[in-house]
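Given below, in the form of structure tokens, are the structures.
Next, two complexes with subunit A in common: one pairs it with subunit B, the other with subunit C.
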Partner chain A sequence: MDFALFANLAFNGLIEGAVIALPAVALTLVFGVMGFPNASTGDVMTAGAYAAQTGQIAMAGSIVAGVIVGSVASALLALVFYLCVFRFFQGRPSMYALVASIGLAFATRSTLTFFLGYDQRVFPIPLTRAFSFGPLRIVPSDLYILATSVGAIVLVFLLLYVTPLGRRMRAVADNPDLARSCGISSHRVLSAMWLIAGAVTGLGGILFGIKTVITPLMGWEALLPAFAAMILGGIGNPAGAIAGALTIGIAQELSTPFVGFTYKIGVGFAIMVLALVLRPSGLFNLSARVR
Partner chain B sequence: MTAYLIAMAIVALIYMLLTIGLNLQYGYTGLANFGHVGSFAIGAYITALITTNGGFAYVSLPASVLGAALVAWPVALLSKRLRTDYFAIATLAASETLRLAIIEEDWITNGVHGITSIPNMSVALGLDVDPNILILTLLIAANLLAVALITRMVKSPFGRTIEAIRDDEDAVRALGKEPATFKVKVFVIGAGLAGLAGAFYAHYFSYISPEQFLPLITFYVWMAMILGGTGSILGAVAGSLVLVLFLEGSRFVRDILPGVTEVEMASVRLFVVGMALVLLTLLRPQGLMGDFRKR
Partner chain C sequence: MNGSQPLLATRDLTGGYGEIDILTGIEMTVAAREIVTIAGTNGSGKSTLAKAVMGFLPRTAGTIRFDGIDLLAQPAEKRLALGIAYVPQVANIFPSLSVEENLLVIENVADRRARLEAMYAHFPALKPLRRRRAGSLSGGERQQVAFARTLMPEPKLMVLDEPTAALSPAIVSKILALIRTLPEAGVAVLLVEQRAREALAISDRGYILDQGRIVLADTAAALLSDTRMAELYLGHGLTESDKAPS
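Coming up: the complex of A and B.
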């Protein structure tokens, strides 16, 4: 038992958790308001990463410009999905919307592979030397990833809990009919919510791409851990989703010395299934909701 | 030409078994199974392992059905606790975990390299006939049996109960029937059918590897089921025929269109499947042949 090894694994898991937290927050926002698990989230991540990489190269290598391009592109993509498809599933069985979201996931991924191929891509950022911090070996880019993720999450929380828009959004999530009778245009609120969810999702994809590589399947593979984080945190609870993502990220990394690299993802699933069976309202939901 | 038609018919009949199984689970009972390919994979691997080690198909076919059903059983128990869409995610996770296990446990499954030279149907049964005709005959028989089984099941009190579970689970519970036991039975039977499909698949293609059992296959079957009509046995038959015509037809299109690579065609195929899922659920969730009154 090597303390340094586990400390490094835990730190790596923290970074992975911070990345997965972004799509998990988007999933939980959408699930809380629209009532279905949006399986196109993963492929919107992929689209965001590809858009950012393309944008970065077009903008003379500026990663900040790339991040902005990628987030805007994925926000618009999510809005288009809402306006063209998901809008029509309100008040219908959630299975229909779930199947449609898988269809959109396939359509997004196939469009990307048709035009861009299956080759791996990387963000052209300079390599930096890892430095030691106690037992930890830290790559500076990991710290940027963590800071960006935290910044984005703080921004989303400010939007949700401080601004009038956020109050309206929570009102629609809580009781759409009551919100409408209070003069809240649910259509505008929902459009704003999808833009936010899309931007956050895309940013998650970009950070994932910076941490590893960009592939057409990266988002689909991140989808199940993000689902797991959402369920662990309790549906419609953004803070819970973040806690769930960090739990799953760290648990997956810490399990690798015991179960091997391949089963790492399986650990995430196992946690999710246990959470579903033992506490379907989520570990971090204090008020148990009936679903 | 005849050989080609037979090949297409075999593939269509394999998908048909899968679609009939899924239709029993989702179409009739409302159990959303996103991990159907997992049962298919178990059937294929059991058959491959038994017959490449000298076993006969008399053993491997029943073993595939039972094995797939047995592995599906603990997953089925989850349906007691989870509502439809959660269950769907859990089954997807289960089938992906299974695929990881197939890749990782290479001492038994040969990992990513897959299992090669699985004997064809004639060798596996020890009969001296054309293997393709034999597998076609067996597949037709299996599909007829499955259709007969499900038609009988649906017309029985059991069938009325599962359809009631799909429409209103609480009402069924209020009438004193426990939905969970019915759901578990249906899920396990559907998985057994998928296991049988997997066994035929292994014999026919003689080579299996983990990458043939991606979640995409599950959603091919979903497309076939929704296309034909959920809760309609004829719909499942028609849907799987359309699916195979589409999968094969896209090959013809590539031959006709110059300059389209197979990789690009794979993207186009995925795009069409995706858009079909979106448009069907949006415009006609009961399917082309589904009953409007039964939602």
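Coming up: the complex of A and C.
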């Protein structure tokens, strides 16, 4: 056993988990309120990453400006999807919205590749030297990624659990008709929810692009672990989705010495399936939600 | 009651969830500060009538007027601001919200903090539970949360759909006693109940529904002594085609 190797893999898994946690939270928010697994989430990540990279170059190389441009673009894209498509499937079997979201995923990807091609892109960020911290070799950009993800998640939680808008969102998720009879306009609340989910999703794509590279398939490939994280965490439970993402990220990385790089995604799924067999309501679903 | 305009009035109200009319030709009024019972067997359309008033029935014809406003032209979320609060038959609270959040969901209130304290004074059992998830409460406690929430905005009309269903007898009489006090606070009540006797005992007037039609309409006292009530509740019905209710 090489402790340093595993410590570094675990740390890398933590960063990957923190990135996947963002789309996983978006998936679980949308599922909690709209009741369907939104398969367009992955490609909204991709769109956010491309928008951020384009924005960064347009804004004289400022990565902060790029992050803002990318998050706003993906927020608007998700809102457009809701207003033009998902809105009309409310109250219908969730299969309709799921199929529509798969269609939007393909449409988004095709549009991106039509205009931007298939070449991979990178964020123009200066390379920084890794430093040692105990057994860990840490790249500073990983710390920025981790801090950004944590910051975004804290913001989402504050919004959900401290603000009146968050209370309205949770009320609509619990019982949409009762929320309406309490004077809550579900249309406004849902629009806000889609903006937030889109921004968080896009940020996930941007961080993923900073950690690796931007490709047209990056989001679609990240969708599967994000789904696994959401399911592992107990659907509709944002804190569970984060715990699920960290579990899957770390487990995938730790498995690479044994199963190799190409099969690590399978490990995430094996964990999810195993956990669901043992605990069908999700590993982190402590508060057995009434739904 | 006193010859002035009723607060709520339906005219030839007909409607349903799909093609079939569940409600037919409903003519019903509720005056300000009046308690009106809607009774009838299971499946007679009581909840459907409440939903029509609240704007949740997919298909409606006829009119519902409230305070001079055409209710059917208003979306469901406008009812609260007009002064109509609703306790549905099932799912009458927000289970994942805390007790306090269940009350704070009502935002259209002048002094919300003061109103919240007034509700805790009115329902002292809720105060120690304020941080608890409402979904973890007992049936009686949930009903209190639902009442407190609907009283938060000081409504003119409360639409209560079987507020005593599935509660223990002691709590049923408490809830009915509470409803009885509402007119003094300026609130009219449209009380949907299967327990016709208990409901009529605290009501001014009542309507008996059968297969989506009003088959009896009278003062509560007259209905309580009407022999046809017993027949209806034994399942014989008043209309020829009446079969056992669904």
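Please note the rule applied: the second predicted complex is superposed on the first by the 286 of 291 C-alpha atoms of A that agree within 3 Å, B and C clash if a C-alpha of one lies under 4 Å from a C-alpha of the other, contacts with A are read in each partner's own complex, and residues count from 1 in each chain.
The rule we apply is simple: contacts are C-beta pairs under 8 Å (C-beta built on N, C-alpha and C of every residue); 3 or more make two chains touch, one makes a residue touch a chain.
Being a predicted model, the structure only gives us computed values, none of them experimental.
Once the complexes are laid over each other on subunit A, subunit B and subunit C both fit without any clash.
Of the two partner chains placed by the overlay, only subunit B lies in contact with A:G266; subunit C stays clear of it. In the overlay built on the shared chain, the residue A:G134 is in contact with neither subunit B nor subunit C.
In the superposed model, subunit B and subunit C sit 90 degrees apart as seen from the Cα centre of subunit A, a figure rounded to the nearest 10.
In the superposition on chain A, A:R168 makes contact with subunit C only, while subunit B stays out of contact range. Once the two complexes are overlaid on the shared chain, A:P126 sits clear of subunit B and of subunit C alike.
In the superposition on chain A, contact is made by A:P37 with subunit B only, not with subunit C.
After overlaying the two complexes on the shared chain, residue contacts for A:L178 are found with subunit C alone; subunit B is out of touch. Between subunit B and subunit C, the partner in contact with more residues of subunit A is B. The superposed arrangement places subunit B and subunit C with a least CA-CA distance of 14 Å. Of all the residues in subunit C, the ones that touch subunit A in their complex are 54-56, 75-81, 85-86, 88, 91-97, 101, 104-108, 133, 135, 149, 153. Across the complex, subunit C is touched by residues 164, 167-168, 170-171, 173-175, 177-186, 287, 289-290 of subunit A. Of all residues in subunit B, those touching subunit A in their complex are 32, 78, 81-86, 88-90, 92-94, 96-97, 100-101, 103-104, 216, 219, 222, 226, 263-264, 266-271, 273-279, 281-282, 285, 295.
Those residues of subunit A lying in contact with subunit B across their complex are 36-37, 85, 88-89, 92-100, 102-111, 113-114, 117-118, 224, 227-228, 231, 260, 262-263, 265-266, 269-270, 272-273, 276-277, 280, 291.
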